[in-house]
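The structures considered in this document are given below.
What follows is subunit A paired twice: with subunit B in the first complex and subunit C in the second.
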Partner chain A sequence: MSISINYQPTWLHRINPSFKLLVLTALFIGMLFVHNPNFLLYMIIGALLLYLFCTGHSWKVVGLLAVPLLIIFLSSSTTMIFFGEGETTWFKFGLIHITEESFYRGIHLGLRSSVFGILSLIFALTTRPVYLFYSTMQQLKLKPKYAYSFMAAIRMLPIIVEEFQTLRQALKVRGVQYSKGVKGMYEKIKLYAIPLLAQSIRRAHRIAVAMEAKKFSKDSQRTYYYHLRYTNKDVLFSIFLVVWLFLAFICSEHFIVFPVEYVR
Partner chain B sequence: MLEIKNLRAKYPSATSLLFKDFSLSINKGEKVLLVGPSGSGKSTLLQIMAGLIPDVIEMPIKVDKQQISESYGMVFQDPDAQFCMSYVDEEIAFVLENRKTPQQDMDDFIDQYLDQVGLQLDDNHVSIQQLSGGMKQRLAIASVLALEPEVLFLDEPTAMLDQVGTKQVWDTLKEVSEDKTVVIVEHKIDHVLPLVDRVIILNETGSIVANGEPNHIFSQFRSKLYQYGIWYPNIWDDYASQLPNHSHGDKSHQPIITMHSFYGYYLKQIKMHVEDAEINRGDWIAITGENGSGKSTLMLAMMQLIKTSGEISYFLSESSRRCDYRKMGYVFQNPELQFVTNSVYVELEHSLKHSNVPQYQFVNRIEEHLTKYNLYHVKAHHPYQLSVGQKKRLSVATATIADVDILLLDEPTFGQDAKNTFQMLELFEECRKNGVTIVMVTHQPEIVELYATKEWKIKGGEITDIFDLSKQTENMLKDDIYVYQY
Partner chain C sequence: MKKSLTLTDILITIVIAFIFSVIYKLWGPLSSIVGVFGLHVDQLIYGMWFMAATVAFLIIRKPGVAILAELAAAQGEFLFGGQWGISLLLYGLVQGLGCELIFAMYRYKSYRLYVTCLAAVGAAVGSLILDVFYGYIDSLAVWNLTLLITARLIGSILITGVFAYYLVEALDKTGVTKAIRPITEDDYKMLDDEMG
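Let's look at the complex of A and B:
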């Protein structure tokens, strides 16, 4: 079985993966200190533009992956809106208690988790794992033994998926029945996890032996098949970021959508 | 030169020694084949000669002299457990990186090594997962060649390949190994013999029984090879000659499964189509065809394990015309995925609990099956602790113990040694004589000739030919009526 997703590489794919990772991590951390929902609103517009037009994936993939984003937005904002605390009551019905404070806090929370989600998706959709690990070895000096372990693990994933399907069929043929409720869940996890783990651990051991037999050594002196450098795409990305954040800031000052400036 | 002197080794958990005062030396440029029964420690010996034990794999060994070659390459058995990268070019590049080859030379080297093993791809950046088993093993050889080794160790490189793949791999190895020292461990040796200068036979306790030229070994030790389950050339003739004359016998015209305009789907695509076919009670149907032709898909569809459409009727005893797993046994290729309990005994009991067999018969029946399938001495073991052959027999036993009407087997003899294969074939034949219908996917033309009552040839997801073999005489092996092409 093989499911492959086709895409057109865009400039986002050509950004140095380590640089992309560091920038996005910085954005994630920085966003925790943003308390103005207007700013987040304008940030999300920029992120959405990137997500919709620059990942190089088909509309089907982009659209399909947007569904969980929407769910994240709705679930994280509504729980806060409906059940959060506040003083200026707008609406009250049983457990549901919507106040002005909880409403804005909910919107803020929803926007923040959506920006997180969109940026992570952009990263996942535009970064080949192999490039990421080569780049972390070259730019961030990650030890090869860790990088190659991760890459070997990625190689095993499709095999595990295939095994999972066979296992499901095999258990059906063996007439396995599960108890109801939590106990049934436990039985299921046990029946699936043990064979899959046993196969994977054995395979991992064999791959490790094969790697050492191919003279993979612990010293980090090695050449690289892929050379990942900083390019003008990284400059472009940096400019985009600065302009984007600047515009978001200006807009949040002048075109105020939510009449609050400080939410926490 | 490789040399081992007075080797003592044991598995960490074992009580007895695997090797005791074992010595072996192999000259530069020599090509040696090591054979022996399963569990005689051949693969371990290879790893000791390569120096992987004790450097990489921990194992208590004691040796007076262990002269190894720094420049070696090893090809392993499992095509899915020797690559760490996901793409063909990256895998060879991994070796080149380890050897500190400058990046600008890598593409040329990759082309060169792939060319040597006959893997011409339009684009070297191909997902390894898409390759067939034979291609994967040739890629494994290419990545080993990238080490520019003086010594090649081959640890059953074709155990998990079909005939076509096996031939391709040995043809490739013949070409690339000319100037190298080669040490081979292998069970299927038809294609290996023209390649080697010397054959060494090990026995169960890891001592050398014979050591000599291939011709000499085959004239003198043929019965030993048969006993150890080595797939030597013409072993099927030897096997057939000692078989009692059996008839394909009591053929009924009672259908057990009929199919009409029957389709099987995978990921919403039609993968298999049967216009009209029926399986009668007492049949032994062999499904043959190339890799990826849809043999397993057909079996999964008959078991309703994938999405199907069209007409399929089951005529099983004690049930309506539905697919009923209590009356239908299925044996997957990887037996481990079928085990659901913690011991051999309970595994068999589990099958009975889901059948219509009355409880008071359980103990007798389990004991009987343990004996018949030669598993009595391991009845308390965890299924994962069994040997490859025992696992396979247990997975068959769990299917047959519950009085099934029909048994579907997906390449049950694949990767098994000759001894276990013959043992299983006889068990299947006994089941068939007791009224169980057998449907099996196989690549082995000899099994089709000796046992099958019908052969279904599959190509592109369709049954292209159905041969009725039950009308043939006993001496089928001698007059080749069909030309099998695999």
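Let's look at the complex of A and C:
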């Protein structure tokens, strides 16, 4: 959810943010029950097309953000490929035991994480947090006190990061030495977390009291600065989704790439 | 004692969760590099994920705080360009639920160390259940699965349970927690004593 990066708004930006969030969540839950890697392969093609051509961001941004996807693919597939259970052995060396079943299962997991990585990126690149929270208040009836708290907290993030850097520099200047292992980690967390928490809790408390005084927590008869509605872009998005899933299903039945249909 | 969350409680919970996602973000890249090799060393610091829930609960001490903290932590991670995106929200939800259930079993009235550790286990179990669906972890070789579960449980108990408990204890000494905790019987008694 970049704030300062330039982009051309596309139809994806005009979809109702709550609707977009609900659809992606539903897709996520639905995909937990998909066990055919071919289907995921064709889903990824659709998601990639949307990511490459419809987010309205420059190629540089789109390209740079795509790099972590490879890491996601590798980190979510390797464990299963190397250490998964299976019958048909391909390779065995010490603890590493690659079988046909575990290989395809690993690929499946990698594809699934990648589909979600891409979808999440699309969501992040085309949704302004402020609109998202206004929309959850208006369409999903989220209580204003939650939505405004989130928006206020997001505004406090840069301050927290800045304080973190100041702390790090201060500790460095004073030449703080940490112990090794778990104890050192505890010292580190303590040295950073306590001042950060104490300061931020005080600040959040002050801001919250002011917000309550200004009735940010009021539920009924609210007026909103931004009005978000459902538009014909939501219909377009729904049609895209249905066509995309249908095509992915047809392709996975007729153009089989991976010779397995059920990896579970 | 007022039970429902006020705007103050919510804002503080979210801010606490965001701070942990800042801290986590600086540890995160390290863990994912280790994670590629599949030996689950990264699982030892997985507990950092749930830490926001126990810390926020120990500070604010109201129902619903643990779930909210986990959802906010997922949101925070997302804002920082966390690569997992939407799946985080669901993980946040089940982990928060795991914590919340344990605290609810003690009617949100016990803030002891062992309850915090139990809540950590609750969160870890929640995440493992989702991992069965999302990561097929039940299809890993037995030794590898055992390693994963053990590492995650140890990590959670140490970080989410013990670390979080002592962190809040240290935070109490700074005095910030006094302003936000709900008023208890003791506070009234103290006031009465002072008035004589």
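In this section, the second predicted complex is superposed on the first by the 259 of 264 C-alpha atoms of A that agree within 3 Å, B and C clash if a C-alpha of one lies under 4 Å from a C-alpha of the other, contacts with A are read in each partner's own complex, and residues count from 1 in each chain.
Criterion: a contact is a pair of C-beta atoms (placed from the backbone, for glycine too) under 8 Å apart; a residue touches a chain by one contact, two chains touch by 3 or more.
Quantities reported herein were computed from a predicted structural model and do not represent experimental measurements.
Participant: Between subunit B (first) and subunit C (second), which does A:F240 come into contact with in this model arrangement: first, second, both, or neither?
Facilitator: neither
Participant: Give one of first, second, both or neither to describe whether A:I154 is in contact with subunit B, with subunit C, with both, or with none.
Facilitator: In the superposition, A:I154 touches subunit B and subunit C alike.
Participant: Tell me which touches more residues of subunit A here: subunit C or subunit B.
Facilitator: Comparing subunit B with subunit C, the partner touching more subunit A residues is C.
Participant: If we overlay the two complexes on their shared chain A, which of subunit B and subunit C does A:V130 touch? Say first, second, both or neither.
Facilitator: Once the two structures are laid over each other on A, A:V130 reaches subunit B alone.
Participant: Just checking: does A:I207 make contact with subunit B only, subunit C only, both, or neither of them? Give me first, second, both or neither.
Facilitator: In the superposed model, A:I207 contacts both subunit B and subunit C.
Participant: Between subunit B (first) and subunit C (second), which does A:R222 come into contact with in this model arrangement: first, second, both, or neither?
Facilitator: first
Participant: Once the structures are superposed on A, label A:K172 by its partner contacts, choosing first (subunit B), second (subunit C), both or neither.
Facilitator: first
Participant: Please indicate which partner A:L191 is in contact with in the superposed arrangement: first for subunit B, second for subunit C, both, or neither.
Facilitator: First partner only, subunit B.
Participant: Should A:Y7 be classified as contacting the first partner (subunit B), the second (subunit C), both, or neither?
Facilitator: Neither: A:Y7 stays clear of subunit B and subunit C.
Participant: Both subunit B and subunit C touch subunit A; at which residues?
Facilitator: In subunit A, positions 1, 148, 152, 154, 198, 202-203, 207-209, 211-212, 216-217 sit in both the subunit B and subunit C interfaces.
Participant: Once bound in the complex, which stretches of subunit A touch subunit B?
Facilitator: 1-4, 130, 148, 151-152, 154-155, 158-159, 163, 166-167, 169-176, 191, 195, 198-199, 202-203, 206-217, 221-225, 227
Participant: Could you list, by residue number, the parts of subunit C that touch subunit A in their complex?
Facilitator: Contacts found on subunit C: 5-8, 10-12, 14-16, 18-20, 22-23, 32, 35-38, 40, 45, 55, 59, 68, 72, 75-76, 78-79, 81, 83-87, 89-90, 133-136, 139-141, 143-144, 158, 163, 167, 170-171, 174, 176-177, 179-180.
Participant: So in the complex, the part of subunit B that touches subunit A is made up of which residues?
Facilitator: Residues of subunit B touching subunit A: 50, 52, 55-57, 72-74, 76, 78, 80-87, 89-90, 93-103, 106, 127-130, 143-144, 147, 267, 300, 303, 305, 325-326, 328-330, 332, 334, 336-340, 350-351, 354, 384, 398.
Participant: Subunit C touches which residues of subunit A in the complex?
Facilitator: It is residues 1, 24-25, 28-29, 32, 65, 68-69, 71-72, 74-76, 78-80, 82-85, 95, 97, 102, 105, 109, 112-113, 116-117, 119-121, 123-124, 129, 145-146, 148-150, 152-154, 156-157, 160-161, 164, 182, 185-186, 189-190, 192-194, 196-198, 200-205, 207-209, 211-212, 216-217, 263-264 of subunit A that touch subunit C.
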